[in-house]
Amino acid sequence: MARPLVELRGIVKTFPGVVANAGIDLPIYPGEILALLGENGAGKSTLMSILAGLYRPDAGAVWIDGERAELRSPRDAIVRGIGMLYQHFRLIEPFTVAENVILGWREPGFFLSPRAGVAPVERLAREHGLAVDPRARVWQLSLGERQRVEILKMLYRDARVVVLDEPTAVLTPPEVQQLFSPLRKMAEGGRAVVFISHKLDEVLAIADRIVVLQSGRVAGETAPKNTTPRALARLMVGHDVEVRGKSRVDPGPVVLDVQEISARGAGGRPVLRDCALRLRAREILGIAGVAGNGQRELAEAIAGLRPVAAGRIWHDGAEITRTGPRRRWNRGIAYIPEDRQTEGLVGAFTLTENAVLRRYQVPPIRRGLFMRWPAARAGAASIVERFQVRAPSLDTPVRNLSGGNQQRLLVGREASWTGAGRVRGGRPSVLVAAHPTRGLDVDAAAAVHHVLFELREAGTAIVLISESLDELLAVADRVAVMHRGRMVGERTAEAAAREEIGLMMAGAAGA
Amino acid sequence: MPATAPALDHPRPSAPSIPEWAEAVMIRIGAVLAALLAGAAFMAATGHDAWTAYRVMAAGAAGSPFAIEQTLIKAIPLMLTGLGVTLAFAMGLWNIGAEGQLAVGALAASWLALTVPSLPRPLMLPGLLVFGFAGGAAWALIPAALRAFAGMNEIISTLMLNYVALLWVDYLVFGAWADPAAFSFPYSRPFPESAHLPTVFGGVHLGLVLAVCAAAVLWMVLRATPWGYEIRTIGQSPAAARYAGMPVARNILLVMAASGALSGLAGAGEVGGVIHRIQQGLSPGYGFTAIIIAWVARLQPWAVIVVAVLFAMLLNGGFVIQTTGVPAAIAAMIQALILFLVLASEYLLRRLRRRRATAALRLALAARP
Amino acid sequence: MTTHQVTALLAAAVTAGTPLVFAGLGELLAERSGVLNLGVEGMMLVGAVSGFAVAAVTRDPWLAVAAAVVAGGGMAAGHAFLAVTLGADQVSAGLSLALFGGGLSAFLGKPFIGIPNPVPFRAAPVPGLSAVPLVGPVLFRQDLLVYLGYGLAAAAWWWIYRTRAGLHLRACGEDPAAADAMGIRVALTRYAAVAGGGALAGLAGGYLSLAYTPAWTENMTGGLGWIAIALVIFATWNPLRLLGGAYLFGAVDALGFRVQLLGVQTSSILLRMLPYLFTLVVLFAITVIQRQARVPGALAQPYFREE
């Protein structure tokens, strides 16, 4: 085999509270597509960020072209021909496409005309089939178009190693297919392509070689023709994966009826259009869709945090369209928001203080003019015990907890909904969970699923929003698809529905 | 089968070897000492004898019963404005307008004393306090409403209103309320006897009792009431407050009004209890010092009382130090320097702690097989 | 009003607006890089006292200007240290410097109170241009520092929008993570912008004590620093709009002095409230008209790479 273009040797990287890379050796060869596969938190992005010069390793080194390379900044990596497409785009939204592409590289000397960069960007775009207007401002572009700008950035810098971090997270299934051919071309042209992902099927489709990372170490290496999805999954999690605890239950009566609601977002543009769903007790409804198609707004509308301009919402026979979030909570509607650290929890507050965020103003937590902290502590203790939140004490600030434990606390608080006057015992009537397992390792995610199953069996109606179709198919009973603010279809959650759902996510098929 | 990595669930090691509050106190003591040293350097650089100057300063601050009295008198408005600013900061509202709220509180109280001087004392005294309270609250409600209903940032609005309030005082003091016997000096007619606040001991007026009570009430509200919980939540995380259905706009108005009211009370205390009239320059920047006090006290009401006394010592000492030729402004310099150093130390430690946590983990990792 | 009175008013507007031009440009520079500097008032005062002291001692007006610039820049370096290196809360950091500057300037300036400036900047008419009707006396019969103001505003606009360095500056203020990923040195850029901003604030103060008043009194800036900060928002972070806005504020200020000459009977004290009330009204209008969209995206948010 040819000599590796880049070699990572013995990479160790830690952050406060977590070991991201625990000693990794990885050679990268020109002319091949290498897939870095692993669960969330396995260390894939960190490893590649070290290669891209964003982080410095605590131990180990990067070798390029057979020589040890000191990458002290992103610039050093760029100069050496390493290009990285980050999961969260590094684009400056108010700037134009051309400005973003040329920023920091071979810019015209000192003076900068308004037309700088337009010509070279147009040429590159044409050559590689990446259609985008160089004069457009980035905030006007779609996610797929922004990704093309990021790729143009790398091509402009003659990148020899092209690293893509979870590139398909923002694409619909047809767009994913469209991405593969330029990548294949880049590899054939002698570049090394590294494809970071946690999605088995994509990796098997595109890669020449697969390296699996688990908990900061290399768990295994193989090629698509030598392995199976099950074997890869086992390497990723370290043990056999199975979705446990989901029993068959029959759904009950309709508990939540969302009737053709429409809502507007920033700048008046519509984010929900005639969106409808009916949720029954004892069922989990999954909401699938590419990020940004209204899922978040739907969750907020159900929770009472987003006013609807048209349509109605009914809960348990009563209309709640104009009811605020507090009254909805009192009716039993719980909400696990996507931003656990900034919205669902208050980082500087202790576990006790966070545990009463929803109930601080009613008995038993409140008595007369004062709050009764002993009752609050009892409630917090019960959540900690039931949901196995690991923390030094109830007085620890929540920001000191790991992500998994923060989520256990948040999920526990919402799932422990109680009626007025009681400290424990009870469950919500409706639970909206937005990306509840994002950023969690496998065990923590399984724990969240377990809670959802328990609630479902006890009678709660659950809405589960997730960016992982795998998760939705495994956990939900039915899966509804959102596209551009509408519900475009619904299917029973089984593997056979995957392709249809994918098409609906892209807006290609309806109902 | 790869060995399990160090648990990702491991809580972040952030606890320092001594309790957090003890560390905070040490930082502050260090900052005060360093600031005093810097002050000495400035004095030396401008040709003064720092050691003598500091001795004079200390004597003026606490070296005699009279000095202590004077210090406490100055501490009262610092306590009240400090508490007012603390309340606003606790909710994340940058109330830089305490100086103006103090002035308008003083104006309102003075209006009562000068317009109805025949009011009997049992009505006049509470009236002064109520008017001071209300004046400060009203002045603070202007930027509060602008923020709550128009989303206008309160930093500039409270600041601008400071200048307007002080000019308003000038206008009245040189105009309608001018003391005819004073040949256009910038002060008003004197207050009637009924409008002199009773003293607790020496020249220290009732305001001291009010300030300490206010601190206790504020402490209780923030720690033990649902309203205090709301205030703290909105201050720490407006997104979480919205999520929990807390009324943000209503709280902006209430909290700013209460904040301004405390400063207004300080103003009433100054005109009713100290100078017994209203004049230009009635406050040597109490409202700005209050901001420093609130920060140094970490928004803890009881600490505000302590720090206010300390800063009053500096202020009083600063007046006295002028006899040695050192400008009184040295006090303001030292106070601002204390804030700067406290900020620098706290954030420096925060950065170092992150590095320390990472290093500890690295060691743990290296020690494993 | 006669033409002569109008001309005099406009000329006074330009003079009164010049410190706002300098201080405003300085704040604009810092905020464009993503750092909020609330210490402008203190930096102006320190610049004013430094400039005056050097002028009184050395009788060299340009050395005095240099002193004012260095003093302001030096203080701002302290702010940059807190804000950029330590990631401290920028509001309180700036306030501490504003208060420190007030105290320090009063401390250093004590010996210079009441002393007249031996080398004030006087009007230096531009030959030819100053004879142009109306515009001439207003714009071209000013002192050299006012002309510097025109030049700096134009230079700032050109620097920000037409140079590579300006593109980098804006990138730091909009999205420091993206700028860092593209190889731009964010911390260095921010330090430079903040220090430069402070230097301009020092220049603004120097203008007051060397040309406008020209003398030293305690707290002589009277809130101009804060108004400059509001002005930057009003100008949506655009140097040319800032120039216009500064002179507009200058006009309001100048009007306050002149209104009595027009026969309007109002207390001069009430008129002095005008600039502050005007600032309030203008800021309110801007907030309501939602020009927020132009705020540098990462303003007042510290950036560290490994977070």
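Each chain carries a letter (A, B and C) given by its place in the written order, and its residues are counted from 1.
The rule we apply is simple: a residue touches a chain if its C-beta (ideal position, glycine included) is under 8 Å from a C-beta of that chain, and two chains touch if they have at least 3 such contacts.
Since the model is a prediction, treat every value here as computed from it, not as a measurement.
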| item | value |
| --- | --- |
| Chain pair with the higher count of C-beta pairs in contact (B-C, A-C) | B-C |
| Chain whose Cα centroid lies at the greatest distance from that of chain B | A |
| Centre distance in Å when chain A and chain C are each reduced to the mean of their C-alpha atoms | 45 |
| Inter-chain centre distance, chain B versus chain C - centres from mean C-alpha coordinates, in Å | 28 |
| Residues of chain A touching at least two other chains | 15 |
| Complex contact set, residues of chain C against chain B | 38, 78, 81-82, 86-89, 91-93, 95-97, 99-100, 102-104, 106-108, 110, 218, 222-223, 226, 229-230, 267, 269-270, 272-273, 276-277, 279-280, 283-284, 287-288 |
| Residue ranges of chain C in contact with chain A within the complex | 161-168, 170-171, 174-175, 177-185, 297, 305-306 |
| Chain A partner contacts - residues on chain B that touch it in the complex | 1-2, 4-6, 8-15, 224-226, 229-230, 232-233, 236-237, 239-240, 242-245, 354, 357-358, 361-362, 365 |
| Parts of chain A lying in touch with chain C, wherever the complex brings them together | 15, 52, 54-55, 73-75, 78, 84, 86, 89-95, 99, 103-105, 107-113, 153 |
| Chain B contact footprint on chain A (complex, rising order) | 12, 14-19, 22, 41, 58-59, 214-217, 219, 238, 303-305, 324-327, 329, 335, 337, 339, 342-349, 353, 356-358, 360-361, 366, 369-371, 373, 390-392, 396, 400-402, 404-405, 441, 444 |
